[in-house]
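What follows is chain A paired twice: with chain B in the first complex and chain C in the second.
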Partner chain A sequence: MKDWRYWLAEQRGTLLALGIFIVMFVIYTSNHPAGFTANVVQTAANKGVLLAFVAMAQTLVVITSGIDLSVGMIFLLTNCLASWLVVGTPIQTTLGVIAVLAAGLLCGAINGAIVIYGRLQPIVATIATGAVYYGIGLLLRPFPGGSVNEDLADALTGRLFDLVPASLVVLLAVVLLIWVPFSRSVLGRAAYAAGSSETAAYMSGVPIRRGKFAAYTLAGLLAAIGGLFLTFFTYTGEAAYASGNAYTLFSIAAVVLGGVSLFGGKGSAIGAIFGALAFRTIGDLLFVFDFDPLWQPLFQGVILLVAVSLGAFALFRVRNRLEWFL
Partner chain B sequence: MDGAVPLLRVEGISKRYGGVRALEKADLSVSTGSIHAILGENGAGKSTLIKVMAGVVAPDEGRMTLDGREVTFASPGAANKAGIVCIFQELSLIPELSVADNIVISDPPKRFGMIDRKAQRRIAEDALARAGAGDIHPLALVKDLPLSRRQMVEIAKALARKPRILILDEATSALTAADVSKIFSVLKRLRSEGLALLYISHRMNEIAELADQCTVFRNGRNVASYKAGSKSDNEVVELMIGREYSHIFPPKPAVAAASAAPRLEARKLSWVDRLDNISLTVRAGEVVGLGGLDGQGQRELLLAFFGVLRGLSGEVLIDGKPVTITSPAAAREDGIGMALIPEDRKTEGLMLPMTVRENLSFAALDRLSKGGIIDRAAEQRLIDDMVGLLAIKTAGLDIPVGALSGGNQQKVVIAKWLMRQPRIILLNDPTRGIDVGTKQEIYQLMRKLADAGAAILFYSTDYDELIGCCDRVLVLYDGAVKRELVGSEITERALISSALNIHGEESPVGLGAEA
Partner chain C sequence: MSETTLGGIAGRMPKFIRRADPAVLTAFACIVVLLLVGSVYSRSFLSPEYLLQQLKVASFLGVIATGMMLVILLGQIDLSVPWSVAAGAMMACAAAAYGPAGVALAITFGIFCGVLIGIVNGIGVAYMRIPSMIITLATNAVSQGLMVVYTGGFSPQDSATGAMRYLATGFTIPGVPNAVIIWALIGAVMVFVLTRTGFGRAVYGIGNRERAAYLSGVDTRRVVMIAFAVSGGLSAFGGVLLAGYASKAAQSMGDAYLLPSIAAVVLGGTSILGGRGSYLGTVAGVILITLLQSILSVMQMPEAGRQIIYGVVIVAMLLLYGRAPASR
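Moving on, here comes the complex of A and B:
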């Protein structure tokens, strides 16, 4: 086989998610009264990037065959924190941004430490830490409020050269500065290896613990970037419990749509980004076709089921039925 | 021995797993520029020894010296750094990663802090070529490769680490003859380059071709070291056996049940590359053993009967009538009445956190319930019968089954199936890791069930058990039945030589088979 075929096979999940997203987005814009304009794209991008960041965060943890049920809460906590700190002069704002990102890193590192060194199951550990993070967010913002440096907010949610949505540019930068280096580093490979077969990874002398720890920590950072953007869009901080939970669950849906295996070891954050964008477009589709928004959860569920079923065909080829349960 | 300075020497290494002694004061020394073969039966301690040398398990006592300096390895990574690389029987490849990723996994080439994919590709291609596996594409995912190719990748991976000591644990078990000859020329080249190689294999012809020095292990000790070629195959087999029998087996019936009607038959059963044209018959009242080395298709054969494998070719007959069994649930139905006592009771036999009562009832729930409601009184009666019959020692029926001892857990697994009064009982190494007393009870139970009319197919890795319990033994090699031993033909010598597929002397005078 030629090299490109292997590349194609490896990227199949990501490309499938890209395909699903493009089809849905084309249907959306071609039925939108305004059509494919910079404005429509900007609105869609701004809606999509929040989930995209959280889904990227989820991807990192899922690759290690873990799951992070606290991502939505880190997202909320950093939103509340940003509504206090990302204000004032450019220098104060910069320090505020750094502090918010550091808080995200810390949250992720705590998750990682508990899962890896405390040997708790990721699902339980992150439910608990998620509640703690939400609790801190609630103390910071018992009521919605606060503010943000609006110049920065407007710049990052607006358009570059009146054409490209700035939020997409930031998303791209994050991919290039965080995801690509991680996925090509030794730690990234260790995270994949640990997710695919932890025993084999151990036997091969792979730095499993450091790899997993890096994955959890960076997940916290990515969720914090999402939290920052939430603040830029809303100009306020709010510890909205339902919203945090929804982001956590949607991030899992986006990750699966994006071809990342929940069994670990396989998939890419880029796939998860397209999964997130596609998932968000479902709501927009209902809007342009004049469906009652009440239909949205139902449609999201159906589309998720269909997309996930595509990945389950492999089970028909299994020759030893015991492998169904592996 | 030959004056060469040993590169690695282990002295007085012991290792216990629970109450089982896997290694007892074992010694071994490995010299540069030689291939050292290690021989021994299943469970003789070979695997444990190399795990110690490769840093996978820590020994309870003993010391290791490398280049004359004492060393201890906290992890496989540490052993690798010291130049000891092991190719394990159970593969250490990561399925979702590519071949190239796997080959460089322990020390990838880096550029600006990131993995240098071009260099990685070069290293991988080079290593694959050196292993004679240039046909494997470095970008292929390991999980998409067949077992024989994976094993070649494993070898390439080991070579890429530039080892000083290379340990191969049954590294050729899944390879084709063409691959084996390639690997042999690689190994000989490595020897001439001054590496020390440790070669573990059950294939006598491979050892004869490769080895310079041989060491035989038995019951966790090294019992003999000799120059390759200085002993005949039969002498080697005797060194591997040399063990006393204990009189724990129930007497076999004087007249075997050869006249009874066949209960379970297989005709030309094949499944992917693991089962090869297997035909056999088990009669009511008969205990038929499956022998051979580990992993020659015995487990797959039992799973095939039990309806677990898909894409099976050939025929299965119950009471002379062809049947198609598509699931374990179908296999236990009344017309068939089959039960499988699985190999790994912890994953396939029991739900460890659930109670003894619940575990006992699972397989028979349909018989104990009406309209989906469990008849508690009937359940209790049957459970009492079973606990009495098997003498299960438990503090109560409502404690988690995981709290019982290994032997009693195994009794629960057996009792669970006996609650259905099966007519065909398949046992997959049921006495592994349990104490002698319980073993004895299980042997007696098997004979009792056979006398009551059940057909029993019994796989064991322990030759004594096959000799002591079985009316007939079928020896499997490479997924095919190589030999059938009946009655007094079942001797340790015959079992081992047919398991190793040696066509040597087949003396009817057994080594204590009368026990």
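Moving on, here comes the complex of A and C:
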């Protein structure tokens, strides 16, 4: 096989997600009353980027064959925190942003420490830490409110050169500054190795613990970036339980659509980003076609159900029935 | 393990204690501590009326946790509890709108809807081999969507029938609430199934190693599917009882039951990896969680504090005895 074939096989999930997104987005914009204009793209980008950050966070953990059911709650907590801290003079705002990101890192590190060094199941551990993060968020914002540095918010949610949505530029920067270095580092490879076979990775002397810990911690950071952006869009902080849960759920849907294997070791955050954008666009298709918004939760649920069921096709390749039971 | 007969315990106390799971003993010890702490806060905490009231509130969680335990014993998890509870309650109330036949069948219909959700979960996990936490999250989202579409943003018929109210709040035996009797019955059936039937043995076997259970001739996929269906049905039944208790169904009524039901099972010493655990532990876990909630509300702890304490307590208890073996 030639090199480009290997590359194609590796990127198949990502390319498929990109394809789904492009098709959906073309259907979306061609039926949108305003058509393909900078405004429509900006609105779509701003909505999609929120989910894209949370989906990237989920990807990092899913690659290690874990799952983080607290990403939505970290997202909420950092939103509430940002509505207190990211205000005032430029210096205060900068310190606030750093504090919010540090809080996200800390949340992720706590998850990682409990799962890896405490040796608890990621599902239960992150549900429990999610409750704690939600509680802290509620403590910070018992009622929706607060404010944010509006100059910064408008700059990051507006358009660059009146053409490119700034939020997409930030997303690209995050991919280049966090995901690319991580996935090419020893730690990133350790996270992949731990996901595809923990025993084999352990036997080969791969630093699986450090790799997984880095993945959980960076997941917290990415969720915090998402929370920061939520504050920039809404100008307020709100600890809404349903919204936190929804983001956790949608992040899993986005990860699956983006071709990341839930069993770990396969996929990339770039795929998850396209998965997130595609998921958001599919959800918004209902509005373009004038459906009752009441149908949206059901529609999104069905997409999620279909997306996770696609994994079942792998069963047709099973030769030995014992391979059913992992 | 036959720790159900109270009479037999006194006779063979030392053996019983030797055989008891340390996790179950810890849970019971925590219950005693909580009762002592509570009695410091309020004189009436140890009165029989108050304790009976707690037991009644615990029985709703107990019914839901019974189904959750069955699934956790398999080494799986059911995250569709919130909307199974809500769907059971809302569908039971909705059925009551269709004349006398509807009223008569309301409870059955509510449970039936829960079983349907459970069967979808079961097919996904057992036959399509989708990780349980993913497929149950998805069915949870779908049932939420269905309920939102059904109600259309408002509640068409949401008041509970007389039978539902009687089950949740009435008294057949003077002094003992019906809900407690129902929990005791369901618990007894569960203990019987888990300890005395082939199905129960298959559940423990699958939880330990599904491959081995399959090779021993157990139809593991059917067992897994039945377990999920039972879990869905019991969640919905819990919802029906809750609707009877509050005399109406609400959309978000199940949200408060996901974490407590998992916590109750796990705190009761059932291994989250499956294959290990007794129903007595789950009973202890349910009572422990209910007392904790009750004390926090007596202390007038706001919702935020409750969530934090919940999460911390669960992580702490899990770290004490729920850890996986080290990779070596």
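Observations, loosely collected:
As a convention for this text, the second predicted complex is superposed on the first by the 315 of 326 C-alpha atoms of A that agree within 3 Å, B and C clash if a C-alpha of one lies under 4 Å from a C-alpha of the other, contacts with A are read in each partner's own complex, and residues count from 1 in each chain.
Rule of thumb we're sticking to: a contact is a pair of C-beta atoms (placed from the backbone, for glycine too) under 8 Å apart; a residue touches a chain by one contact, two chains touch by 3 or more.
In this text the structure is predicted, and so the values were computed from the model without any measurement.
Following the overlay on chain A, a clash is recorded for the pair chain B and chain C.
In the superposed model, A:Val41 makes contact with neither chain B nor chain C. With both structures placed on the common chain, the touch criterion links A:Ala102 to neither chain B nor chain C. Touch criterion met: A:Arg189 reaches chain B, while chain C stays clear of it.
Within the superposed three-chain model, A:Lys266 lies in touch with chain B and out of touch with chain C [touch as defined at top].
By the touch criterion stated above, A:Ile22 is placed in contact with neither chain B nor chain C.
Taking chain B and chain C in turn and counting the residues of chain A each one touches, the greater count comes from C. Within the superposed three-chain model, A:Ile178 lies out of touch with both chain B and chain C [touch as defined at top].
When the two complexes are overlaid on their common chain A, residue A:Leu322 makes contact with chain B and with chain C alike.
In the superposition on chain A, contact of A:Thr129 is made with chain C only, not with chain B.
Applying the stated contact rule after C-alpha superposition, one finds that A:Val308 touches chain C and leaves chain B untouched. Taking the listed stretches 204-212, 348-356 or 492-500 of chain B in turn, the superposition on chain A shows a clash with chain C for 348-356 alone.
Residues 199, 202, 321-322 of chain A contact both chain B in one complex and chain C in the other. Interface residues of chain A, counted against chain C in their complex, comprise 67, 69, 114, 118-121, 123-125, 127-132, 134-139, 142, 198-199, 202, 241-242, 249, 252, 256, 262-263, 294-302, 304-305, 308-309, 311-312, 315, 321-322, 324-325. Taken together, the chain A residues at the contact with chain B in this complex read 1, 3, 6-7, 9-10, 181, 184-186, 189, 192-193, 195-197, 199-206, 261, 264-266, 318-322. In the complex of the two chains, the chain B residues touching chain A come out as 56, 75-78, 80-81, 88, 91-98, 101-102, 105-106, 108, 110, 113-115, 117, 137, 139-141, 157, 271-272, 300, 303, 307-311, 327, 348. Interface residues of chain C, counted against chain A in their complex, comprise 77, 124, 128-131, 133-135, 137-146, 148-149, 152-153, 210-211, 214-215, 220, 252, 255, 258-259, 262-263, 266, 272-273, 302-312, 314-315, 318-319, 322-327.
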